[in-house]
Structures are given as C-alpha cells and as structure tokens.
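Letters A, B, C and D name the chains as they come in the text, with residue numbers starting at 1 for each one.
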Amino acid sequence: MGEKKVSIGNVAFGGKEIVLIAGPCSVESEEQLLSTARVVKKEGARVLRGSAFKPRSSPDAFQGLGKSALEFLQKARSETGLPIVSELMDTSQVNALAGTVDCVQVGARAMQNFELLKALAKTNVPVLLKNGLSATVKEFLQAADYLSKGGNKNVILCLRGIRTFETETRFTLDLGLVPALKKLSGLPIVVDPSHAAGKRETVPALAKAAVAAGADGLIIEVHPEPENALSDSAQQLNFSEFQKIVPELNAVAKAVGRKI
Amino acid sequence: MGEKKVSIGNVAFGGKEIVLIAGPCSVESEEQLLSTARVVKKEGARVLRGSAFKPRSSPDAFQGLGKSALEFLQKARSETGLPIVSELMDTSQVNALAGTVDCVQVGARAMQNFELLKALAKTNVPVLLKNGLSATVKEFLQAADYLSKGGNKNVILCLRGIRTFETETRFTLDLGLVPALKKLSGLPIVVDPSHAAGKRETVPALAKAAVAAGADGLIIEVHPEPENALSDSAQQLNFSEFQKIVPELNAVAKAVGRKI
Amino acid sequence: MGEKKVSIGNVAFGGKEIVLIAGPCSVESEEQLLSTARVVKKEGARVLRGSAFKPRSSPDAFQGLGKSALEFLQKARSETGLPIVSELMDTSQVNALAGTVDCVQVGARAMQNFELLKALAKTNVPVLLKNGLSATVKEFLQAADYLSKGGNKNVILCLRGIRTFETETRFTLDLGLVPALKKLSGLPIVVDPSHAAGKRETVPALAKAAVAAGADGLIIEVHPEPENALSDSAQQLNFSEFQKIVPELNAVAKAVGRKI
Amino acid sequence: MGEKKVSIGNVAFGGKEIVLIAGPCSVESEEQLLSTARVVKKEGARVLRGSAFKPRSSPDAFQGLGKSALEFLQKARSETGLPIVSELMDTSQVNALAGTVDCVQVGARAMQNFELLKALAKTNVPVLLKNGLSATVKEFLQAADYLSKGGNKNVILCLRGIRTFETETRFTLDLGLVPALKKLSGLPIVVDPSHAAGKRETVPALAKAAVAAGADGLIIEVHPEPENALSDSAQQLNFSEFQKIVPELNAVAKAVGRKI
C-alpha cells in the first residue's frame, strides 16, 4: 500500500483494496460501452475505462470516436455509477476531458509531453500516468513531478512495460518496479497487464503476478467481441474471460493480505 | 542522395550537398545566439538551430526563453541570412512557430505526439522529425506518414539514436539506418551526432561516420562556452572545435562523392 | 504445471508442488554452506544451490572455491538430504560436476556455449538452463533443443531477466514469459528473483509474483551474512528474510491452487 | 590510431594502415575458400577469415566442417600468404587452433566464456575479441582484461553491434564506441559491418562509416555465391561487391589521413 491515497470519483487507490479498472480499449459504440460497463461492474470492477481519442502509430488506423465517445462514457457512468477514465493526448483536449471524466490517462507516448503535463498540473483532475516505452524510473518520477510540483497531487502511476528485443510479449513488464516505485514515490501503483502481454492468454498470469507484487490496482481491457475490436484486438478479454479472472485475482489478493 | 528534395529556406536537402545545421542547444541570449550564428555561418553551416521551447525531463530544469528566443532567432536570420530551425512541443505552439521559423523540429519525445503531427500536416512548414527513443523504423516512417498523408510533404528525417543499456554514449546511433531509411522513405536523412554522442569528444567521429554512411545533413550543437550552457553542456562543441570539424567533414564528403 | 516433469534427485519439478531451491551464491566455506543448508531445509527448500565455479565479469573478482566447494556441497547433501545444484562454465568441468551434483546450472552467459550444451546432451544430468541476457524466447528454446535433441531430456528452464536500459532493478524480468515458455516447451519453469531484483528488498515481491504467474520453482540466494558475501552481496537474503518469505510464498501458491 | 599495436602474422593493427580482414563466414570447401582467398587478397585484404567451428543458435543448423576446414585454411595461407583468423568456441579447441591459425576469434556469445578467456590468456596467440550482444563497454573491457592480465597482450577488440528492439538491421552498431574504446583501452579496434548490417546492401555504408569513425580494421564476409552460403547468406558480399567496396573504403581512409 502506498503512503498517499488518490481517488478516482469515490474509489480510493493506495489502501487495502486493490482496484480493478476495466473496459474496452476504444469506445466504439454506445451499446459496446454500456454492455461492457454492466458486465465489468457486476464482476467487481470499480472504475470504467474507454478511449475517446486514440494515439495510433499509423495515421490509417482507427483514431477514436472523439466527443461522442465522451457522451457514451457519461451515460455509462450515469447508469452504472462507475467513475470513468479516458486518455488524452494533447493540451487542446484538457478542458473537454478534465470537466467530463473522473480521471485522465496520459499514455506511454505522452509521458514526456511536458506541455500536456504542465496543463494538467493546473487542474485537479486525477491523472493515471503511464510509463514511457523507453523511460527510466527516474524519468517516470520526473514526469510525475511535473504534475505534483505544478500543483496537481492526484497522480497514480501505471506500469505498462517497456520496449525491448523480446517480441513473445508485446512489451516487457518488470514487476520488480512495483515495490521500487511505491517506495520512491509513495504514490499508488496500477499495472496494465493487457498492453504488456499483448495477447489475451497471457493477461491472467501477468494480472495475478501484479497483485502478488503489490500493485494497488489493475487496468484491464475488456470487449464484448475482442476479435472484432477496432484496436488492440489480440489483447482484450471477452466477458467470460474477465468473469473467470476476477475470483482468481481476489484469491491472490487475499494471499497478500488485501482484497479486490 | 534521397529521391525527394526538401528545402529549409533556400537550402535544399537531399542533393549532392550535405547540409550543416548548427547552433546552440537552447537560445540563452541575443548575444549568445548571434555570436554563434556568425561563427557557424563563416565555417560553412547553412542553417541555424536554437531552441526557444525546451522539453526537459525535470520540471526544475531550464525550460527555454520562449518567445523572446524566437525574436533573437529572427534577428540572427536577418543578420546572417541563415534560415532557422527551432523545436516545438505542443499544438499550441504551431501557429507561433510555423509563421516564424523556416523549419520546425519535432523532437524524439514528440515523435508520436499525433495531435501535433496532425496540426503540422495542415501547414507547409518543413518539419525535421527526429526518431523516438524507442521507435522502430516502421513507427518512425508511420509518424512521417502523419505529416505527408495529412498534406505536408516537407519532411526531413533526423536520426539521433535510441535508448539501450549502453551508457558510454548517451544514445545508441545505428548508422546502418541511414541507407535503410533513405531507401524506404526517399526522404532526406539528417543525423544528429551531438545527442547520440552526449560528449563533445565523440561528436567528430560520429559526424564523419554519418557523412560516410550517406547522411544528407548533420545537426550539430555549438555554443560559445559549452561549460556554461544551460542545457546539454557536455555535448556542445565550442567555436574552435566546430572550426576544426568542418574541413574534416568536407574531406569525408568528397570521398563519398559529395560536398559540404 | 508443465507437461513434462523433471526431477533433481527425488524432487520433481512440473507438478502441483512449487519447488524452492535456495542457498548461497558462492560456496565460501564449509560452515557457511552447512549453516545455510540447515536453515533453508528447515524452512521448506527442497534443493540446495551453491556455486563452486563462478563466472565473474572481472578477472579480479572472487572466482569460486572450485573442487573444495564440491566437497562441501556433498557434505551438505549427506547431512540434510537436499539434492544439490551447482553451476558449470566449461566442457572441462562436465565430468567433475555431472558425477557429483544432482543438477548442473548453465548460467546466462553460457546459454549459447554450444559445445557445453553438446557435452551435457550426452549425459543424463538434469540441467537448469538460464536464459541469456539478450536471448530471445526462440533462442532460449533452441538452446534447450541442443540438450533434448542431443539426448538429455532432463531440462528445466530458468528465467532470470534480460538486460535493458533500466537500472533500478539489476535485470528486467518479464513474468509474462512464464506461461509463454511453459506452453511452447512443456518444460518446468523456474524463476530466479534474486538476480532479476539485484537488491534484497525487491526479492519478495518478485518471488511472490513468479508464483502467481505460474512458476514451477524458485531459485533464491540465501547467505548467513549477505553484507559480507564474496559475490552478489546486495541481493542475497539473510536467514530471517528467507524465513519470512516462505509462508508468504506458500499463501500465494495456495491461491493459485498449488503448494510449496 | 591506438596506442598499442597488435599483429596478426606480419600484419600490424593500430597503425596508419586500416586492415581489411575478409573471407567466408564458414569454410565450406577447399575450392570455396581458395577462390575467395585469391579474390580478397587481390583486392587488398591483408588477413583471411573463415570459420571451422560455428556457434549456431539452432542445433539443426550447419555446425562447421571442423578440422578439415583448418586444413583448407592452412592451404589458403600457403598459397596466398594471408595470415588466417578463425573462431573458437571452447577450451577444448584452444590447442588445435592456437597452433594452427594466426589469430583466434572469440565471438559475441563467448565474450564472457571466462574459462576460454583464461585458457587463451596462457597462450600468445592474437585474439580478436568481439563484444557480447548485451555487454556494456565496461564488461567488454573486463573480458579483455581476462586476456591481458592473464598474460596475453595480443588483443584486438571487434565491435559487431548489440541486440536492441530494432530489426531493420540485424544488430545495432554504435560507431561512437570506436573512439571511446580506443581511448579507454588503447587497443586496436576492428569493426564487423557484416553482422551488424545483416543484409549485404547495408554493409558498404556501415563499412565506410566505420573507417570514418576511426576503426583500425574491418572484418567483412565475402563468399563466391552468398545466395548458396551455408550460414549468413543474406549478409555476405559476393566478389564483385567486395571489389566495388575496397576503393570506396580507401577513399574514406585517405580522407581521415589513413590508408587501406
């Protein structure tokens, strides 16, 4: 457990409870989002994720639904009561998102988008800050400093792996950094097993390992039909896979003196 | 030589001539910039570099002079006739820079700032696009696609090394990528030996090697007093070091059928 | 659980039980080894480790006690009944070790010592094969093929992390490879949290995470006085740290349907 | 130029002359080796390379002709006068090679085969020591220390690139390490553009860059029919490619005050 607690909506990170954040990679339609929100809530997720704006390596890839996705997220929150987290990529999106969602995610490719960090530092919106693909621990903490020294203390760190030569997993996730980051920052640490694994069959093992390593939360991609997803098709869990994983995570959580 | 030529001001990249871009890492004062501009022009540089806005890992580090630096750059251009290149970090800076400088630099940490790329795609300002620290060749070319498919064909690729375990050099620069990128993209390829080396005594060897490998240009940091520089102190060349390197580069250029 | 079971002495790897291998990095004296063997056995370790021959980056570092260490290992086995595993580095050591120890360890730097693998392939001694620091999963499995296709099927794979730019941990251990390797090879998978962590305070988190990820065994360095150890001083657990970790590991093991 | 000169046969490394080592990856037949030896000698190579024992990732790959290859190498030396360099992988090969060839190569995967280094330290045979795929500069120099502190000062360092996430080139070669290694060790530095590039069309650029960066020698794979080679098929130059590259290298050498 971290020294500092940070809340998304009414859900606290950094206490005894390990928080599940779940939802689709991209918001693709109202029905897709709502059906997923209902399932993940029922299974024990406490926060809903879903991207409206997508950073994509290729300009030809699906770029997100944008503002209509934000509307669907708000509907899902109204119906389920789950607070919502969504990614932003640019300073021009700060006002739109900071007033709408309960937490903004700064993705790996934006971890050193310093103007974005400075703009978020002037708000109070909780920030889920993911490590850059080639960022050292020192640089990750310096990026968090842009937020906290700039005035926004509501920072949650999210480990999602780094890029290495290994391609059997999509990214290389070092869970030894969970206790290291917690000690160095005192901040809550969330782990993203979906992006690290890159394929759904590896997600459960990494998720359980993250809980055992001391993570304060997990962010897991869940989709009604992963095989038809517009992004991250290979790594999103379907509903039954998510239903299966939660009690397994809970068992590991209890083994380390915590709970989901 | 690349198939496509791109010009910064009246200086063409991708032809027989290998273009030297030189100047301080950060614009620190009018005098610092002007004195450097005069020297690098005299020695053979064709474009002046200098950052007004600095992406820094730590929020406590010097962040650049901002708009006053842009004024100094314009003065330096007026006096020396050298076109100017300066870095931008955020969509909010596009209008200020695109109308002022002759080329905007997108740094390594912004290579996948897709909103910035989209905004620059709607201008015609030449873009010096540096590779991300963990970007593959494929991703580097996809970032360039955001510009060219979005409408701005004035793209120059800049190799500056990637992050690896090796710390003897600051970044790991693979010059085998010069011919590979040229073949795959047809774009002019500039090499940044200063950031790759990270220490001034290694810059000459890497610069000469880049010319031998087929680079269409070099971007080299030069400062009147590197030991007192506000950023990148260890890697900037002083005036006499720059004076010494240019004829050496020219000799290698001639050996591969080109010229500085 | 892997498809194939491999035994060291009478201890099976790849079944429901997760096996603890523990002991000092280097065998430094009879007393050091015996005192450690007694403690780790009492706490639940099933196999004793201890290096007689040490691969050291510097020629000035302690190189191991050699043959006298092998005698101490045999004494420790006689007294405690624990089978012993020790590292070998060269074909010239195969006969001495294969007849003496219950399992030979091929370290990261020898994973692609193909002559050594060929020599071990002609024996039946169980081999604990560690991944090379820059070996891909494919190369790791090909190294195992040198053993199994050469006639020695008694292969246990050991994950110990790879080298990356991150230095907060000594090596970067991707536990997503545990299920991947198990699926691809069918072999038992042991994880080495000590070398991956590089500092003792990180070992427990990584060890628990490895169990949660599905490891069939752990190899943990334990020393009576780590601060005075002749090698790997920072990462060896002392007796009380080892005593504390075992019930924690057992709890996680039970949570994933297994036991220590 | 390095401070220390080391000779292979009567060919000195570390002086004004940049030495070309050339020949096939593997010795495949007497005719293959002799025809290559004649061509590379005629074009300006001063040392002949050719492997008798091959370290191969897969046990199913061609493992080298072994002793008969050593006979062919001796014949080629007799006929052409070129001293010969060949790789060894294990202590058991030291006597056979040290008495036969003029220089033994320790490959990347054996750079930290410390028993092999200790055995070679007791001979006077010149050693071409390649950097390991994940070795730091410090570890590379420590491996050289095993030789020189052990009594064999005839060490030539060979840079061949490291493993990174980039796959456009086979390995990632940082030529900034040429001056760094020369300064730190004083030893002659040879560069291997063939393995770094991994494809023949990239070899010329890297080879010229290495000369410009200050290399004291190059080791280049040349084969009569690369498309039919039993190893490293993609990266070996054919005769006409080698004939074309030598004058280009000579031109760059002259530009940096040296010669081939």
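Just so it is clear, a contact is a pair of C-beta atoms (placed from the backbone, for glycine too) under 8 Å apart; a residue touches a chain by one contact, two chains touch by 3 or more.
Keep in mind that what you see is a predicted model, and the values were worked out from it rather than measured.
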item	value
Shared interface partners, meaning chains that touch chain A and chain B	C, D
Same-residue or different-residue interface between chain B and chain D, half as cut-off	same
Maximum centroid distance from chain A, chain identifier (CA atoms)	D
Selected pair, greater C-beta contact count between A-C and B-C	A-C
Approximate Å spacing (C-alpha centroids) for the pair chain B, chain C	48
Chain A and chain C: spacing of chain centres that average the CA atoms, whole Å	35
Touching two or more other chains - residue numbers and ranges from chain A	134, 162-165
Complex contact set, residues of chain B against chain C	163-165
For the chain C and chain A complex, residues of the former touching the latter	134, 136-137, 161-162, 164-169, 172-180, 183, 193, 196-197, 201-202, 205-206, 208-214, 248, 251-252, 254-256
Chain A contact footprint on chain B (complex, rising order)	55-60, 89-93, 109-110, 112-116, 132-134, 138-139, 142-143, 145-146, 149-150, 162-163
